[in-house]
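Two complexes, one shared chain (chain A), two partners (chain B, chain C).
The block that comes next holds the complex of A and B.
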């Protein structure tokens, strides 16, 4: 009984006034020894963050622990007084939040916030706070720690903010670090550095960690143990090695298969169906049953028990009949390089330069030439090709797309569409045909669909605008479009809020397709989605591309996704092209050091 | 939220029920008052002096011997007519201009907003008196003037609400499609700022009602002997210590209507989730 942390059948949920409690976390068992690292992985809404917070005895407003115990160093959190709990939080167990930029108070200097952490959670005397802070900053490898204390949070980069949050968490010399998606908002290279730092801290200080992430790659890289959550339940737990190599639960297998992998230009597998909700629906059945390939009648009538084989726990009653996991037989990206070069050029950029600043005469006179966010970008996109534009945040990749869509003015250079139309002019001065032929799909479908319009109104809008179809024509066309993005017809009457994230993105794609575009601009269209949804989105895009002979300009920060979809890749850095070429060549033999850095930062998935 | 469910949400809260009841009562009264009042509003009683409530005259008589209850029942008609249409006009032009300013931005926005600022800097009551003095106090003139002045503040509100929406991708997407400004305003933005405007119109209505009564009180609203609450209060004010009823009755009527409108606005804001102080827990 020397576990540092032990969760016994913890259920978290809320009690509606007139019905049974709704469980967000259902009887979770976990155990963690001192210095161990545990990864909790699952898709959005699976309850992983709720479970992590309950470890601290904290519940979001409205939620409560419905049953079970949380033991920290053998002590039941329920028995600890409010003050004692407050002392524990931030002291012996510290949380590192997902978005450090929001967790730091924007109006207080870093010093004030750092000293507060030291005052509350360490016995360092006030005179040494400064020295101790600097020491901690050095530990998390922050540059110029002295100057940093005098800065405000917004003056730091995302990676630096995350490091400050880690330093603050370390102030109380914690025995347990709780990390809630600590690298999700960061660029790949920064993410790799932060993960390395966390691993290093875990090793040198013997701090135990519970690491929550939707990214199984992150978990695999940093954790010794992995627990997989689905619909509020832990469905599989074991060592990193077993879970990654020999996953026992059908969900884990499907999850691993849906992760795009680098270097093979392969398409990931998709998972059927969608996450089950509400969570009470599967009270007496297996949570994954509806999507499971191995489901038997017993899965519907009986809740499976956790079966423990030498520390590898799997919650599935069909253990015996499940085929051992092997990476799915990926279909290769046959489109790559297979196109004849005599296809017409759809889009051509010559020395394109962009700026955020005003280019007005007075402004120029006062402030000099505007700073360029994008410079010297030249590229050629032929009919039927898919070009991936890869870069980290601030590389100017989205600016290029927005300019091509006419939402942002260009500064200099040339952008030609179909050999004759100038794309540096804004929307207002464009030919309606050009507007129709270029369609943009946005990153976040929550924002790109009007919440007050029905799906039918949304999809029919381009049909009315560009083709002046009659109501009947619109409706039949809308149904065809729903077919091609694989959504049921009855969704036409719904509002975007009634659809899941992946379904919304399908609607956004359907709206773009309604215009029968020649060029589809995709701005990080899979980034806001869960991996399994991302995989199905990639499948869909690939299918549509072949069916409709689409030319696609695909912007993403995610190399494996681009690798699976694009024929050609352009790597952007600080608004300039640092490498361009066929996808396979670039991924196999990168010549630019930055490309190599990016490729190295991509986490191994198997 | 559909109309039906909004009404249900309104009726679920006590303030919504009471408020809606008061407002509907006054509107109904304004419509049927001429049919149900016991006396002619202008008929003078033989008893000339102001008299307290009696069985014949439930709210007493005013100094000219006219029945106070009759005049109070009728006294809200002009005010309601002017303010209801005034509010509709104010909200319509104010929100449209505000949405255009927010969507267009740049020079258009700058021009519209600086003009709005100029008008807001002028004490509008004086302006109002000037217009009424030159064009008379016909209901049409009142509706247009009040509608104009009360729309100025709406421009600001609608612009602010629009600014929250224009940055969202669905508006960008409509722009990239090449939609006209008018289409974007009406089809994309309006449905999303509708809730704010709805609550604002209730607030505007109550303010306009107060302003109209103030004008009448000053003698600019309606022409005597037409019964009107503001005017009744002004006329009976000097004898208040001797005869409180002719002042109290129109006061109760006016305040109950304004309180009703405010309660509705409050309940509306809560039902639509615009009231941030009421953090929703699941």
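The block that comes next holds the complex of A and C.
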């Protein structure tokens, strides 16, 4: 019994008043020795965060532990009094939350929140709290630690907030760190730094870690052991090497294949359909059976058992007969993007500059010339091309897109559409034809689709607006569009809330296509989606591009995603272009150090 | 932040100035003048002329407005037509009474409301919450004159604990006032506590579900500290404006309660002023109530700024 943490058949869920309990986590087993790092991977809704919180004996309101035991240092958490539990939490086991910006109390200074942790979980006397906090801040490489104590959480950047949260967790010198997507909201480079810091802390202090993430790349970099979750069950567990190199479960294989990698032209669409709900519907079948390419009748009738081969556990009855996925070979985008150079220019930007500040006369007179958030951006986009605009948050990539859509005023420079229309004109003063020819797809389909309209109303709206179609024409056109984005017709009668995230984004694309645009602006359209859904979305876009000769301006922070789709890439930093060129060239021979930094932060092509 | 507060103050003054104009013009626009309105059928001959001379109604409107505004600035509200004495002495004691009643109700009611709201949120959907919340809805829906009457019949008729009606001179000493206002305060509290408590409850429920409260639990903090230091200040932010409006409502004279309990406050004074067509008094009261609302909203804004570091420092940083 030398496990630091041991989970025995832990099930978490809720009990509806008049039916069977619904399981979010189903009989999860885990074991972790002192100093070990375990990564818990899975897509959204698979129960990984719920499982992580249950390790601290915490269940979100409405949830409860239905069965099983959580043992920390051999002690059953259920047997510990509340006082004892509060002593453990933040002490011997500490959580580093998903979104530190929201996990720090906005009305309290950092000092107050740091001192709380020290008061409860360290024997540092009150007079030395200040000094100890500064020490901890230095440990997590926070700049100007003294001044930081007097700040409020919102005055720090996302990376700083995350570091404060880490410092707070370290205050109690924990034996076990629980990390709930600790880098998800951060920029690629900040993410890399925070990961490095965490790995270093784990190594030097011999702290055990359970690391929850949807990003298998992050897990692979930080953890010795990996457990993969699907629909509330742990379906595969083993060492980092085994799981990454020789994944045994079809889901793990599919998940790995869906991860965008540099230089890979396309992520294969490995999973059809979506998660079935409720989760206890597959009580007597394999959880992944409905989406599995290898499913046999037995998968439907019997729950597979976890098979342990030398520490590599896989929950699949077909394991022996599965041939691992072959990742498609490297394939350049040139083929798809090889267009005659005499194609017309759709969009041309010359020395574009943008500002967030008001450009009004009074404002200028009071505050001087507005600060430029985007400057000297020039680019050319030809018919049928796809241009990827890559940058971290604050790089101005979305501002450029918003200006082109007419939602934000430009400051100086020129933006010309189809050689004749000025795009610095705000949306209200644009010609209806220009409005029709430029369509924008937003990042979050939950927010951009009207929840009270049916899919049919949503798609037919632009048809009526721009083309004055009759009802019958509208309907047949809407059905064609549903075909194009590969959704079944009966979805037309549904509301957005009845669709999954990926399906909603398909509707948003169909709505944009309904206007028959010459230029499609895509603002981070896959960032809110799971990797498997992202893969199928990228395939859809690629297909549409060839079929419809679409010209696409694709904005993303994710380099491999852009690489999979775009012929040309522009890398933005602090509102300026730092590198531009054909996708293949940039990925193979980056010249700017920042591009290299971005490339380094990405999971390599295996 | 100082700049922001100064700006709010200026804005408040401009609002009051506009209100004073509107009030003055509204009275001017009525057919006839204040003396005619007051005297009614007797508005003729010498009596009317004397009245007009006494209240300077023969002068042009703008002259009178300037004189009125100057008077206001110096604390001189003008003269009541009916009572032929300075308005300060008419309004003053009654406003004092209203303040005593309103502020007592506020001082007892607001902390109670916050306390109950927090309790209800912590025990959400449990029996205690259901009881507190349904009681709140009950008292919100029942008009004050019913609540007041019920309280009288119970506490003073049945139990005989508290006086059922206020019998005092307008300028009775404060001690005497306090001895009489038990039931009116209780009536007002029931309504006000219900409103504020429901607001605090719902915003507390939101805050309790937030990441930072979960984090404070997982940091190992005691429940008391989680609630008082981490959750409550954030939950009060949205309630501040509602609290200010409630205080303004109390201080503007609560007519129905004053009538039910025969309490000499400015609520009843306003109704009498209108019934008597005593326009100078009506004007002065209108302006007084406007000042109360503007003043309390201003205070609510400033309180929000002080409680919310996001607003405070962002404004500070922008300077």
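We take it that the second predicted complex is superposed on the first by the 583 of 606 C-alpha atoms of A that agree within 3 Å, B and C clash if a C-alpha of one lies under 4 Å from a C-alpha of the other, contacts with A are read in each partner's own complex, and residues count from 1 in each chain.
In this section, a residue touches a chain if its C-beta (ideal position, glycine included) is under 8 Å from a C-beta of that chain, and two chains touch if they have at least 3 such contacts.
Just so you know, these numbers come straight off a predicted model, no measurement behind them.
In the superposition on chain A, A:448 makes contact with chain B only, while chain C stays out of contact range. Of the two partner chains placed by superposition, only chain B is touched by A:462; chain C is not. Within the superposed three-chain model, A:125 lies out of touch with both chain B and chain C [touch as defined at top].
Of the two partner chains, both chain B and chain C are touched by A:61. In the overlay built on the shared chain, the residue A:435 is in contact with chain B alone; chain C does not reach it.
In the superposed pair of complexes, A:407 makes contact with chain B only, with no contact to chain C. By the touch criterion stated above, A:107 is placed in contact with chain C alone, chain B being left untouched.
Shared-chain residue A:95: touches chain C; no touch with chain B.
The residues of chain A shared by its contacts with chain B and with chain C are 61.
If you check the complex, the residues on chain B that touch chain A are 168-170, 172-173, 175-179, 187-188, 191-192, 194, 279, 281-282. The part of chain A that touches chain B in the complex is made up of residues 14, 61-63, 405-407, 427, 430, 432, 435-436, 439-440, 442-444, 447-453, 461-462, 465, 511, 515. By the touch criterion stated above, chain A contacts chain C in their complex at residues 53, 56, 58, 60-61, 86-91, 94-95, 97-99, 102-108, 112, 116-117, 120-121, 152, 154-155, 168, 172.
If you check the complex, the residues on chain C that touch chain A are 209-222, 225, 229-230, 233-234, 307-310, 313-314.
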